[in-house]
Amino acid sequence: MNPLKTGRAAVAVAAAVVLSFTSAGFANGATGAVPRDHGEDEITVGIKYDQPGIGLKTPDGTYTGFDVDVATYVAKELGHDPSDIVWKEAKSADRETLLQRGDVDFIAASYSINDERAKKVDFAGPYLLAHQDVLIRADDDSIKQPSDLNNKKLCSVTGSTSAQNVKDKIAPDAQLQEYGGYSECLTGLENGVIDAVTTDDSILAGYASQDEFKDKFKLGGFKMSNENYGIGVQKGSELKAKINTALEKMVADGSWDAAVEKNFGPAGYQNEPAPKIGVIVK
Amino acid sequence: MFDFLQGYDLLGAFWVTVQLTVYSAIGSLIWGTLLAAMRVSPVPLMRGFGTVYVNIVRNIPLTVIIVFTSLGLFQTLGVSLGADRFTVINFRLAVLGLTAYTSAFVCEAVRSGINTVPLGQVEAARAIGLSFPQVLRIVVLPQAFRSVVGPLANVLIALTKNTTVAAAIGVAEAALLMREMIENEAQLILISAIFAFGFICLTLPTGLFLGWVAKKVAVKR
Amino acid sequence: MRKDRPTVLYDAPGPRARRRNVLWTLLFLVALAAVVWWVVVSLADQNQLEWSKWAPFFTDARIWETYILPALKNTVIAAALAMVIALPLGALLGISRLSEHRFVRGAAGTGVEFFRAIPVLILMLFANAAYSEFTDISPDIRPMYAVVTGLVLYNASVLAEVVRAGILALPAGQTDAAKAIGMRKGQTMTYVLLPQSVTAMLPALVSQLVVIVKDTALGGAMLGFSELLASVRPMSANYGANTIACFTVVAVIFVILNFALTTFASWLEGRLRRGKRSTGAVVGAGAVEELATPGEHVGPTDGAK
């Protein structure tokens, strides 16, 4: 065997290794790149994948949470069966982009209505009034009001404004740790190296409602801000009016209350009454 | 043109990067040398431990190690390294993680340096009755270190670049600041250029200087 | 060979040395056991060793199907794409650095030095922001694009050095012989030098793949790329905050994957070094660590000669 042949054989081996690696994944690894053609009955909805009680992808590949229930109800009113809904992950930072590009038809992903966002997208709803709150250990009596957070160890996720709010306005001496996700904060909270996790009370209630956290954590009930969750649609979309109608019906026929009870109930979460469509609580 | 720099502590962030590098470098030099000594020692258990340590650590992503120091060591095992504030704890955890990771590479560099010491030297040392620790300390390691300045310089530069991973647990070093600035300012190209330049300033001179030192101290045979 | 070198560092143990070794073994064992004991007890204290937190990995196939395997697939795709794109780019850069034209040599050299001097995370952050600002790539695959771009920029420059080292490692006689039979520069490169250097580089290439696989985890921690490390988050959200268990499993998968690659690399290297048919030139698996940093490295292929 001459060196030239060894070389070629080696190239072949390398190529084969690389090919076997890629072919395994290419098939559907980049499906997101292909613009979906909307089937007649299909509707694409953006939700959170990692927030228990709000929007969570379960091991079965199904989705649970309040946003999911609301979105399913709305989709049904729009004429789409649950089986026709295509769920898509809408991370906080990506939500406006997803709508503007038309990757999703609407977004229900703990999406607070604010002026800056309203410049880029339209909001139906609101469908839930949440507040910024803290989650603390059930046996922790030292945090009774927001100012008690001074000198405490706060945890939130990177890029979230809630923790910075607390530090800037309410408890300037609080320490702040940021992680990529809330589940990292909870480990620390459980083990006592973190004193409070802060974000919207709905999200916190979702975590506290999980079986393994029952009786371990409680909500502070501080109402440090008003977060009006709306359903995001493309600017000028005709869906907005239809979704509003659907939301009104959901409240009227009691499905709204049922969904709140189902998703937040176990945490002892005192939810606000269903908000009036178009009324944003500042 | 550079108005957007207002309100950002650019030098402070790079200073944290430098501190991370220096502390981790010292730590991994010590722990790495100990590991190398274990790997060539007459005690089989130590040899085994050294081998297993190096093989595991080199094959784990540094990101996993760094995130683990925060979630595992700090949050679960309660190791706060004698600090009370998050900023200090995170910094120390990052140094610990970087040290644990970098030592594996230091160990391998030192071990390859030990292999460059000629057999005759060791035999002579043993012939005059030196014990294993003495052989290492007096004869082998001094020569080995001189021949591994080059490889160790590479490890140091790689370490400097690796400190950016500390951003994953919120240490306020250069990469974290860069991400914050990119999010808040509409000057992507300029911001990236500044940070790239900052790292070039840290890595290139180190490489050149230590390359020169390596040639200077190399054992002429 | 010097494989057995360490053993000449000390004499065959006599009775006293043997006793001393036993003593050291015991001491070390006690220290090791103390650490392990402390870890186990602390973990148990924090309820992290409860079987319910670990059981899903053994009893629940869904945890693998829904979280781990798709995430692992993303890791592998990103790593493979980065390698496949970086290799030809790197070869081009590496050959350019050997060019006779000073301008080509200089340009390639500057590029290589630049990208080796800055952290790959900085490149990824830049690519991510650039894609979101200047292109229309969908947000859900943007992190992967950013990770692959960062990895390609960095690894192409490292691979350029590997290729260059591979070509330089070949005996000068190869070029001389090619010249003697009247081959032009391009022919010498494509028919004589490159094919042989590819063989010589293989261990280094596999070894570099390990580096790439490890670096994909950065995308999971910092860019929201759904790779293996990032799968810890949804997993622990669903299985009762079993963070430690998820982490351990993910780390073990990384170690197994990379250990397999490392072992393959050193097996290849050993085979090539022993091989009688080739030139015996090898760019060893260990060389990539050296070539990964800026500056001229003297004799990365020393071991070959």
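In order of appearance the chains are A, B and C, and numbering begins at 1 in each one.
To be clear about the criterion, a contact is a pair of C-beta atoms (placed from the backbone, for glycine too) under 8 Å apart; a residue touches a chain by one contact, two chains touch by 3 or more.
Only a predicted model underlies this, so the values are computations on that prediction, with no experimental measurement involved.
**Student:** Closest chain to the overall C-alpha centroid, by per-chain C-alpha centroid: which is it?
**Tutor:** C
**Student:** Tell me which of B-C and A-C has more C-beta pairs in contact.
**Tutor:** B-C
**Student:** Would you mind pulling out the distance in Å between where the CA atoms of chain A average out and where those of chain B do?
**Tutor:** Chain A and chain B have C-alpha centres separated by 38 Å.
**Student:** Can you give the whole-Å distance between the Cα centres of chain B and chain C?
**Tutor:** The computed centroid separation for chain B versus chain C comes out at 17 Å.
**Student:** At what distance in angstrom does the C-alpha mean of chain C lie from that of chain A?
**Tutor:** Result: the chain centres lie 35 Å from each other.
**Student:** Would you give the residues of chain B that are in contact with at least 2 other chains, written as numbers and ranges?
**Tutor:** 71, 75-76, 78, 168
**Student:** For chain A, give me the residues that contact two or more of the other chains.
**Tutor:** Those would be 180, 184, 187, 191.
**Student:** Touching two or more other chains, which residues of chain C qualify?
**Tutor:** 46, 221, 243
**Student:** Quick one: which bits of chain C touch chain A in the complex? Just the residue numbers, please.
**Tutor:** Counting only chain C, the residues touching chain A are 46, 60, 62-63, 65-67, 73-74, 76-77, 79-81, 83-84, 132, 136-141, 144, 191-192, 194-196, 198-199, 202, 205, 221, 224, 230, 233-234, 236-241, 243, 275, 277-279.
**Student:** Write out the stretch or stretches of chain B touching chain A in their complex.
**Tutor:** Going by the criterion above, the answer is residues 70-71, 74-76, 78, 80, 85-87, 90, 168-170, 183.
**Student:** Going by the contact rule at the top, pick out the chain A residues touching chain B in the complex.
**Tutor:** Checking each residue of chain A against chain B gives 153, 158-159, 175-180, 184, 187-188, 191-194.
**Student:** List the residues on chain B that touch chain C in their complex, please.
**Tutor:** Residues in contact with chain C: 39-40, 42-46, 49, 55-56, 58-64, 67-68, 71-72, 75-78, 105, 108, 112, 114-115, 119, 122-123, 126, 131-132, 135-136, 140, 150-151, 153-155, 157-158, 161-165, 167-168, 174-175, 178-179, 182, 188, 192, 195-196, 199-200, 203-204, 207-208, 211, 215.
**Student:** Touching chain B in the complex: which residues of chain C?
**Tutor:** 2, 5-6, 8-11, 13, 17, 21, 24-25, 28-29, 32, 39, 42-43, 46, 48, 113-114, 117-122, 125-126, 129-130, 133, 210, 213-218, 220-222, 229, 243-244, 247, 250-251, 254-255, 257-259, 262, 286, 289-290, 292-298
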